[in-house]
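Below is one structure, written out as structure tokens, with a few remarks after it.
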Amino acid sequence: MRFTVGAERRRRPRRNLKRRLTILAFMSPWIVGFLGFILYPMLATLYFSFTKYDLLSNPIPYGIQNYVYMFTKDPDFWIAVRNTVWIIVWGVPLQIGLSILTAWMLTKPKRGMKVYRTIFFMPSLAPPVAVALAFLFIFNPETGPINVLLSHLGWHDPPLWFYGRQWSKPAMLILGLWGIGSTMIIFLAGLLDVPRQLYEAADIEGASGWQKFRYVTWPSITPVVFFSLVTGVIYGFQFFTQAYVSSITVAGVTTTQAATSVGSPNRSLLFYSVYLWQQGWGNFRMGYASALAWMLFMVTMVCTILLVKTSKRWVHYAGGGFR
Amino acid sequence: MKRLLSALAVLGLLAGACTAGGGNEAPATVNPSESHEPVTITIWGAWTGRELRQFNAIFKDFTAKYPWITVKSEGGIGDQKIIQAINSGTAPDAVLSFGLDNVGKFCQTGAWQDLTPYIQQSNFDTSQFPESVFQYTSYQGKQCALPFLTDAYGLYYNKDLFQRAGITEPPKTTSELVADAKKLTVFNPDGSIKVAGFVPWAGYYETNALTMSTPFGCPWYNADGTRSAFTDPCWVDLARWQKDLIDYYGEQNLARFVAGQGNEWSAENDFETGRVAMNIDGEWRTAFIENDVPNLNYGTVPLPVPDDRASTYGMGQIGGTIIGIPKGSPHPAEAWLLVSWMATDTKTLVYMANNVRNVPTTFASLESPDLEVTPQFQTFLDIFKNPGSHYKPATPIGDADQTAIGNVLEDWQVGKITESGLSAALQKAAAEVDNLLQEAGV
Amino acid sequence: MLTAERQMIRLPDGRSIAHRPLSPAERRRRLLASIGTHAMLIATSVMFLLPMVFVIATSLMTDHQSLTRELWPRPFEWGNFAKVFARIDLLRFTWNTTQIAVLSTVGVVVSSIPVAYALSRMRWRGRQAAFLLVLATLMLPFQVTVVPLYVIFVRLHWIGSLKPLIVPSFFGDAFSIFLLRQFFLTIPDELSDAARVDGASEWQIMTRVIVPLAKPAIAAIALFNFLYNWNDFFGPLLYIGTNKHLYTLSLALSEFRTVHHVEWNLTMAASLLFMLPVIVIFFLAQRVFVEGVTLTGVKG
């Protein structure tokens, strides 16, 4: 490793080139993937969104008509938007709140914590299709165990759950909350990371339970809350599988006829992604589905940016934020 | 880099735009009397279970006639999958579908080949089919499918339950239907429904906008098929009639009853278990009953019509299985031999009619002495022959029209649309369909 | 690396320091508090377990009983599980699903490690921008890419095969890259510097120094990807819909009740069989899961 100064000078450009090529080689899987599976499809979707495209014949240029249709002529679009907003507005805070609560409970016991943790965590790994079918049966208004229990408890007119438009979204919410385990685990780690001395100091000052949570616990878990908020909102916009399976089962149809039945009952489970699927793959309207997809992308971006912007006011990074 | 990117994007777009390239002109034909290399052709269809097994048995006769062709049949395949295969150039040789609503799209785009050249080339006689089948197998002059048996919809009624309620005759009018339904209904002590007389609930088995609108005579489109006719007052009459009977049960009560329905395609079916006394269903149910509950004492009649349409009694919704040759079929000539044989071979049609219990679709098979006709099945043969029976007009918008009007009826039946909002909702559904028609270039 | 576990180990130590005899009153107070805690946890556990109990109970009922309002099987129909195998080709669907899950996982692991390495352990201009781009793709809805991807796969004649579900995994997965990068950053620079002085190439440093140290993180992304692909529904629904022989468990199960006209008992038995591998993997690798989830985030 002993170079003369001259040799060093001569070799540097080549070493630099080699280094760059190494970096390029290391990055290449992602670069190819990004160009081929993300950037190109995104641009192509953008192009399709300005066409009529039925998958069976060539796309026909259609100007901004798809977007005009979306906002001025399509009644189902707004239903899908409302349903999606509903599930996000209720689902995300509930998920975060209950995750904190269960995680907090897990920090209490001196032994047995692992057993409880296993029980709370495992449902979040179960296949969504299997979970949806299980909950459809459990919440069946006629024969399902939940309503059987409720009627034993004296509720003679228990809800229709997935079969009624007023109760289908709350039922979907319960289904979702059963799987809060992975969020809970992150909060558990966050809670256990709060330095004990802070609590001891708060105890000495005579802080109440709420005050301890508000001024000690909360600030240290805000990064986790922020993370869950962002992922929850993004996931909420893409909510599909459970609603799809639930609707076709409630309507009693096969995947062959799924397009007319998704959203059942009464379009109460017609979420944005479900609607997009119905328009694109059910009704041969790939151009319109592409416009819906781009709109989804824009809204997701705006929401994420807004969350990031506000986060500066309430999220506390102990280590000074992203490295 | 930038230039490379845009070049890539353009290239990709071109690739995307070319998916549906290449039409085919003169049909490939084969002379059946010559000798040929052995060939295996594939047909995809939507049949499943027992019906699929019975369907698969027909091909040995075909191979007996054309010894060099072996047929491979795959079941449980719906239209979306057929479309995917056509797109990806992996289409089978021939296809069978239950999706009548897609015929317009299939013909318009050529996804299913126009059979007219084949028909002309082989002097195929189309006059052996009743006129009504052409309405749902062709669109704008393109005959892109042939019928392979059809369905007809009527009213099933449980004779034992009728006797118990003291009713002697099945209803002929919609008001009689309502009166009988009330007599037949049995409530549990807690007020819930034990046996429903008739369930006018859109989405309950085969009860939907399509089957209910046919006896009411509600039009789907204007005369030339360019605009939706959901604003026709007939739809309001239908909705009110539906709602009156629902209110008798109580909307919540009926919703609960519907939620507890047994699976349509199994012995759990409410009509087969006696949970409902009268039900709209297709002719195939006779085979299911024979298979599941052979002792059920039941009868079938055409769907009751409104009092002021008594003269039309006997008609109903028809339209069933269609077969065709997809774009990109690897062996179109052999596929045409298969499709034309399936559509017209009397022995095959009669065998299918006797086993799967569908209505045969040629005059010869309808009159065949081998056709086993029970009184219950005869009803559906008569409905099919009735000149007033029809399917809704073909359009290139798929089943979006059914979805639109179905949404209205479903919202109406649960009270989400009120009396005062009904006509506005129908107008909205009509506008939705009009927009789609316009977009599809009608 | 593993905050939750580390803390748990530390807890007993903390207690042993504070070793002193307790007054009876204090002891009683602690006992009551402990009973309260466990009562609360047990009640919550029941809520989490109840759905599973119902599923298991129903899967053991007779056809007829699953249509009634009874809650407990009588008699126990163990044959239901065999019946599921008779109704659908469960072994084939399991094999398809396994193929997709395993191959995709391999693809993600081998393609994401070098990318994460370049993004964390090599210094270059544009690194931060590239990392932000990776992060940005995390929030990209799959709907935005799905139509053209479909068209591409059509052109490649991949529709009706498992390839559309496997091949893209070999081009890096944003989430896995992110997770690995976060982990790689925690490995002290001295280790790679020492190797560099010994004349090791970046590739050698990555494979011989970093990868062995990052085993927990790699195991975590492998498990996440396996699970994601095992459970995925939308991908198979779009890409392999034409070919029944290539059905995955998710697809087969989604139409099990409606296409095969089966009773709830068999549907629940099939669901259980579908969940079973997940449950087994979870018990074998609970630690990895917990560490991995903890790693996802947020720590910064």
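Labels A, B and C are assigned to the chains in the order they are written; within every chain, residues are numbered from 1.
To be clear about the criterion, contacts are C-beta pairs under 8 Å (C-beta built on N, C-alpha and C of every residue); 3 or more make two chains touch, one makes a residue touch a chain.
On a predicted model such as this, the values are computed, not experimentally measured, just so you know.
The chain with its C-alpha centre at the largest distance from the centre of subunit C is B. Between A-C and B-C, more C-beta contact pairs are found at A-C. Subunit A and subunit B have Cα centroids separated by 38 Å.
Here the spacing of subunit A and subunit C, counted between their Cα centres, is 15 Å. Look at where the CA atoms of subunit B average out and do the same for subunit C: the two points lie 42 Å apart.
Shown for subunit C are the residues in touch with two or more other chains, namely 67, 148, 151-152, 257-259. Contact of a single residue of subunit A with at least two other chains is seen at positions 40, 44, 48, 140, 142-143, 252, 254-255, 281.
Among all residues of subunit B, those that touch two or more other chains are 12, 16, 19, 80, 87, 263-264. Contact residues on subunit C toward subunit A in their complex (touch as defined above): 3-4, 7-8, 11, 14-15, 34, 37-38, 40-41, 44-45, 48-49, 51-52, 54-55, 58, 66-69, 71, 111-112, 114-115, 117-119, 122, 124, 130, 133-134, 137, 139-149, 151-152, 168, 170-172, 177, 185, 199, 201-203, 227, 230-231, 233-234, 237-238, 249-250, 253-259, 264, 267-268, 271-272, 274-275, 278-279, 282, 286, 289-290, 293-294, 296-300. By the touch criterion given at the top, residues 1, 19-20, 22-23, 25-27, 29-30, 32-34, 36-38, 40-42, 44-45, 48, 102, 105-106, 108-110, 112-113, 116-123, 125-130, 133-135, 137-138, 140, 142-143, 145, 148, 178, 182, 185-186, 188-190, 192-193, 196, 223-224, 226-227, 230, 234, 237-238, 240-241, 244-245, 248-249, 252-255, 273, 276, 280-281, 286, 289-290, 292-294, 296-297, 300-301, 304, 317, 319, 321-323 of subunit A touch subunit C in their complex. Of all residues in subunit B, those touching subunit A in their complex are 5, 8-9, 12-13, 16-21, 46, 78-80, 83, 86-87, 98-99, 105, 109-111, 190, 203, 205, 252, 255-256, 258-261, 263-264, 397-400, 402-403, 406-407, 410-411, 414, 416, 428, 431-432, 435-436, 439-440. Interface of subunit B with subunit C (complex): residues 12, 15-16, 19, 48-49, 74, 76-77, 80-81, 84-85, 87-90, 262-266, 268. The residues of subunit A lying in touch with subunit B in their complex are 35, 39-40, 43-44, 47-48, 52, 54-59, 65, 69, 73-76, 140-143, 156-157, 160, 163-165, 250-252, 254-257, 259-260, 264-267, 281-285.
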